[in-house]
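In what follows, subunit A forms one complex with subunit B and a second complex with subunit C.
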Partner chain A sequence: MSAVLVGLPKRLVTVEVDGQSVRVPEGQTLLEALRGQGVATPTLCYLENLAPVNACRVCVVEVAGQRTLAPACSRPVEEGMVVATDSPRVRHSRKMVLELLASSVDLSLADDEIKGWMATYGVAPERYGPPAPPAAAGERDRRRAGHHEPPDGSVAATVAQPVKIQDDLYVRDYSKCILCYKCVEACGEDAQNTFAIAVAGRGFDARIATEFDVELPDSACVYCGNCVGVCPTGALMPKSEWDLRQSGQWRPDDQQVTETICSFCGVGCPLELTVQDNRIVRVDSPLDHDITRGHLCVKGRFGFEHVQH
Partner chain B sequence: MDLHLRDAAPTEAERAAIDGLLEPASADLQPAPGGAHARAQRHLLLPALQAVSDAVGWVSEGALNEICRRLTVPPADAHGVLSFYALLSDRPRPARVAHVCDDLACQTAGAEELAGDLEAQLGPAGVASDDGTATWERSPCLGLCDRAPAVWAQRAGEPDAVAAPALADDVRTLLDGGKPPAPPPASRSVPQADDSAGGDLPMLRRVGRVDPESLDAYRAAGGFEVLRRAVDLGPDGVLRELTDSELAGRGGAAFPTGVKWRAVATAAVRPHYVVANADESEPGTFKDRVVLEQDPFAFIEAMIIAGYTTGSERGYVYLRGEYPLALARLDSAIAQCRDRGLLGADVLGAGFAFDLEVRRGAGAYICGEETALIESIEGKRGEPRNKPPFPTQVGLFGQPTAVNNVETLVAILDVLARGGPEYAARGSPRSSGTKLFCVSGCVARPGLYEVEFGVTVAELLELAGGIADGGELQAILLGGAAGTFLRPEQIDLPLTFEDAREAKQALGSGVVMVFDDRVDLPAMLQRIAAFFRDESCGQCVPCRVGTVRQEESLARLVAGGDPVVEVGLLDELARVMADASICGLGHTAPSALRSAIDQQLVPWGRHDQADGEEAR
Partner chain C sequence: MFGAGGGTTSYEEVEQTDLVILWGSNARETHPIFFHHVLQAIHRGARLHVVDPRRTSSAAWADSWLGLEVGSDIALANAVGREILAQGLHNRTFIERATTGFEEYAAAVEPYTLKEAERQTGVPAEQIAELAHTYATADRAVLCWTLGITEHHNAVDNVRALINLALLTGHVGRFGSGLSPLRGQNNVQGGGDMGAIPNKLPGFVDVTDDVERARFETAYGTALPPERGWHLSQMFDAMEQGALRTLYVLGENPADSEADAGHARALLSGLDHLVVQDIFLTRTAELADVVLPAAADWCESEGTVTNSERRVQRLRKALDPPGQARPDLEILADVAARLGHDWRPVTAEGVWDELRSLSRMHGGMSYARLDEHRGLRWPCPDEDHPGTQFLHARLWEQPRQGPPAAFAAVEFVPPLDVVDEDYPLRLTTGRRLDSYNTGVQSGGFASPMRKRRESLLLAPEDGRRLDLADGEVVRVVSRRGHIDAPVAFDRALRPGLAFATLHTASELDTNVLTNDAWDPKSGTAEFKATAIRVEKRGAEQPGRDPLAEPTGGAFGPAPA
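Right after this comes the complex of A and B.
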């Protein structure tokens, strides 16, 4: 019989959520408490297996007595907190965050959940004007912090730029990047400890980059693809998926997901193989699995060609 | 971590610059032998990048590689830091770069004419001179609004230099490697110093009267007596005086200093740190520069008291990178204090240790936000932290930290000299003591003024000689780019925190910028919008994208766009920035623009009041 460590019992604190008094464990974040109560809360930069960076601000809620809204993903619950999750201020900020992103980033491949939130909050990105023409290759990566050419307001600035295809394993389409920091976290402290990418530049010119924008094969990247696994908008995508989408052959309705165990080493990582036309087109691992927490290595994520020879 | 470095090697000059600051990499076979020891040096990343930049003008891949090797920092991470700061460059640029301020106060003093002259003589901004050694760029506020228009020259291999007020010829001299003009007398920045009562000002009394480069002169003028008094009182006594004084922080947030210091002093976790926020970058603010240039020993005395009271053995000064004279005087003053046992292992022989280290900013307004400042000292991008926890709980290197503005620190000397209750008796009931106001723009005597809280804007204007050259007052910007506008009929507003709050105004860091009727106010608003777009760190969506959309919408408005649509849009943007941004930069980025529209200082009015007639 094996012992299971359950830890000390947590004290409960009382929090008022949208007029309802609820008891939640001390130390939880507001987001955990809200989800525990079944209160739907949008998130973009939050993921269960990463440390919250609270950068996107779409999960904000109104805490009584505070001047500004609070990010639910990282604000711990406190005894007596009075929280509103659907007040006019909350709805406005959530709508605007989604709208500002939609006006500057290509969200066509964003998770269905994100698209659902955009519909819920009535996002209208077109009111900022027609999108500015895309930047030339590498131009955004060369932008320096500080002074910029003033706009005339006739077009809306965007992050549009050519896709980066530098190897056969995955592509980086930063026109779709919402700068949620998830890939940086997964590449660094929260999973892989490789630190091949970081946020570079500043302000609207901030971007995810290798040092001096060197090509991925020249960087520290070990191709674990954990960045791909956490990307919520399709900015990072396996080359196999990208090629099919480009040729119009990506057909989610004809795909099935097969669960299996990686055969490369003795760790036994669970895999989810997305299969189309009897070929593996993408490999993931479940976020909620104790072994991987969604993360894999290069062999598990990309080492599947030998299966289909 | 497996440190992956590329093969680029530093040049000899780059290596020499790095050698001057960092330990050599270990000679054994591992490329990254450092481990915990090297990682603990991470805070040297920004100084190392600055050392290379100071020597050769930019940071090459080889130099970055070498720094990364010695500090065990991944190159992508270090490049993220390098590319965050506007004064650093990750690609070659001329060794001499003149940063020409085109911000608000300098605009009222001919910045555009200066830029035009430079363009005619040197070519467009950002383009290197024929011999490749020099260029000029436009710059946000350089903190020299008392001497507008201002130019600061960043010069690799030789000291940085300032010319203010600057003519095109002065800029060319700096770019040719010539000597900068001698700084004007102190009374140019502090006009009260020439008045008979100047010697009685609580904070500025030594300006122009006591040699800022001599410890002996400072002591002869009563310097370090307050430190002795603090030691006699003991930390608890100092905290009591501070609490009694009701001193509120002077950096803009007006947080009670006594509460802040007590939180750090009583925190169980050790060590504690004190940090002086001298990254003064709010457009229109120059008070901390003048204090550090003219009275550096007073600042050091206050920092020692801060260390003694909060139980910190180490203090950091985060000084704005564009302040070469303040840096030189501070460095010299610190060295003199060390020599005389006023800093070090046993301060004054009183049995406590305290020492100070100066860190330079590298061109980022956001680093004036206290948690961004802390991140920057730690060698990271200046991205603000989410609060809570506050720095008093989890601050520099994760330890309890008191971050104070320079003016707040110097005010503490007056609190302790007078005693807390007597200090609280001055000023207004809710704003105790005196305050430094940075008066700039269209006034006869721009400069730094010390007055008791409660003086009205009109009285301050009178002190500054009134509107210059017979102009009519159009508007006054209080609190800087993050502040609010005052209409001419509101100038009887008493300058106190409570009166400002009631009038929906912001004192902020003490900016009083005067615009006469010849100033193009919409153009000023556009400069403010551009400033926030440039200075947003980019971390959170409301600020990163909101500042861009705000600038675009304002451009449409100025060009004759539909005021109902645009003012409505600006209002929606303002609400999300103020409500949902991470830090004060985002919260206040729409403040001045919103205030100008609300106060109908611009032709566009409010969208809810505007009908076809009124809206232009």
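Right after this comes the complex of A and C.
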């Protein structure tokens, strides 16, 4: 019989973090090592169940002897590495990432941790001027590379635009999109492999788009909602949650989360049901569960209407 | 299989294997999160072979799609086995140490040459040979199947034909090599494990085993019938003969889900007394004398379910049920009390603890441990046991532990509902990604993928041949009955093959057509193979050239 491959035993390497010498397993990323040491590190585009895409640069750290700052989420630890996580360069860079995002994107629904980091670094997006007026519906989706005038600096450029509601399951509010690529990865090779969405355009015109910008119901989308499940800023939201927020009835303090098992096939996917007033208002799956890794299908994530009374 | 009715392998192993075969399974749509694990294997370099009459969305990911004739699975499997033997690729050591019946098997598959199998299955000989070589030479391989194998008149033989291949190559009982029947509902596996089948007590104890049965009789404090009961198909036969006059149906909608539904509805209507316990007033409940409103098991009750990798997981109550609806367990306890056996108060955990005191393979699965380990895979005999990732490692031990695994010589017998001049099309059935069974649970949410009325799907070539337009309502006739339904065209179908779901009986009453002939070994009806003809409705169009291009948008995009 063939042996079970469990991999070679992990060697430990010595890394200096903020002046402290620590031993961490070879092959870990700096982010894993830092979290293992209890060193808090901001992330936006990183998620445990997705491959790192290095898009947001908010997790950067300073590695001695290296010209550029390193993204902690994807840089593996090396023997003898000397890492600074709170140097002036790191603080400045993280502040700029958050400030530029906050000046152009609506971060009102980003999680409290991100808001905490913005306070820590003294992020002041208002210094870029008042936000520019929102784009008309579909305008940002039609922009072509190279057709731009330099801005006059009187207002802060933004990605503000009308909300897209094209079906009864998803709401896509791209005024809140930081282009972290999580939705693209979840729709692509990391989970669903449907490839219904990708980043189109360049520079400040970059946006999440379906093929040929068709409306979502006409696209390749199969409504698994795995993009919704990974969105860190509330740009993608189940319509059930959106409707409650719009009517002022979304009350996290009155919600309970219960873990159960989906009823729609024999795979046995764990579901986290968020319930408010005896109604399911949102369905997720635990990111660290080995059956789903946080990902579901359309029935598991949205097929609860039959128990709403 | 080999004494334990469950898949031998785990989802993690599917990710780590070198070859996945989906045989009669469209997992991309029917088990989407299982297919995520298959996709991870593909990205690691594993091969995928899909055996299915339809070129499904699963087949779109395959290295090779074997589009066999409906119901010719045994011919294909036997030819794969014969080719493995002919090339000397079988695992002689494993066969000798761990199996019985090899000589009879080898003799039985001898007539199934590649050429003969190509004739019987419609799959090119080279593709059959390729599957045989790939499977036999893979380091690890997982063979999965679903209802495309089991909803046939010879369901058990179909499964045995696949198990034979695993025994021939030693692809069972090792990490990354196994057999995996993908279960269609969240507790098909658990229902069987709990003894909710007519021949078993919990933990696969045969009801005819006097010694084992005595353990249950002692614990329950009552004598248990020592003979096997009726399965679903036998119950309908008994209704027909008048031997079964009262029926208590829990969470099942046979008026829509039974094959030859017109006949099934007549039998249900003719009962002396019908009790239906369900979360909705289903078509079956509408026929009932008494309806007991039940709570939804997955979110309004407590309990456990067991998945396709034998993992027992907890269901937890998140919602209060509506109105008078109550958990199944409470209703059953009240019924028992009226019958003179007061078990109350009952709790799901109490019932579970009794179960695991009797079913050895569940012994170590306390609620606390199920929580701690996020479910445990049976067998898990005691509270120090970690559960079992894959079954039958014993077959590889030297010397082998336990009884050997038996080959089964099985012969190809075509579907009973014969395709002929009067019924020239083969109808098969299945599920769609966003829907589930008779639609009782999935019909309520607004899936953006449901863009048109449920239709009979035909190959575009058949649509052209029959002069049908997209969306045209036709009469679909089988030997059991007829329905009127719109047609749509699907390039996943070859000429001669039609497809229908049973999700929305009010739009497409598929089971009026299907054949209720059932496998004498499993009791499963032959849903997957119906002979039909399609008749144009309304006035004939005399003088129209049947070879002319169809009018209207016969092959255009589906109307929104």
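Keep in mind that, in the parts below, the second predicted complex is superposed on the first by the 300 of 309 C-alpha atoms of A that agree within 3 Å, B and C clash if a C-alpha of one lies under 4 Å from a C-alpha of the other, contacts with A are read in each partner's own complex, and residues count from 1 in each chain.
Just so it is clear, a contact is a pair of C-beta atoms (placed from the backbone, for glycine too) under 8 Å apart; a residue touches a chain by one contact, two chains touch by 3 or more.
Not measured: the values here are computed from a predicted model.
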Clash or fit (per the criteria above) of subunit B with subunit C on subunit A: fit
First, second, both or neither for A:Ala160, with subunit B first and subunit C second: neither
First, second, both or neither for A:Leu109, with subunit B first and subunit C second: neither
First, second, both or neither for A:Cys297, with subunit B first and subunit C second: second
Touched partner set for A:Asn193, first subunit B, second subunit C, both or neither: both
First, second, both or neither for A:Glu259, with subunit B first and subunit C second: second
Once both complexes are placed on the shared chain, angle at subunit A toward subunit B and subunit C, C-alpha, multiple of 10 degrees: 110
First, second, both or neither for A:Leu287, with subunit B first and subunit C second: neither
After fitting on chain A: smallest Cα gap, subunit B-subunit C, Å: 5
Contact residues of subunit A, present in both the subunit B and the subunit C interface: 193
Subunit A - residues contacting subunit B, complex: 54-58, 60, 68-69, 71, 74, 89, 92-93, 96-97, 100-101, 103-104, 127-129, 142, 144-148, 150-154, 156-157, 178-179, 188, 193-206, 209-212, 214, 218-220
Partner subunit C, residues of subunit A touching it in the complex: 1-2, 4-5, 166-169, 189, 191-193, 216-217, 221-224, 256, 258-271, 273, 275, 278-280, 289-293, 295-300, 302-309
In the complex, subunit C residues that touch subunit A: 11-12, 16, 30-34, 36, 39, 43, 139-140, 174-176, 182-189, 279-280, 296-300, 305-309, 311, 313-320, 322-323, 374-375, 396, 433-436, 440-449, 451
Contact set on subunit B toward subunit A in their complex: 1-4, 6, 61, 64, 74-80, 83-86, 89-91, 137-140, 363-364, 381, 386, 526, 530, 533-542, 544-549, 551-557, 559, 561, 569, 572-573, 575-576, 578-582, 587
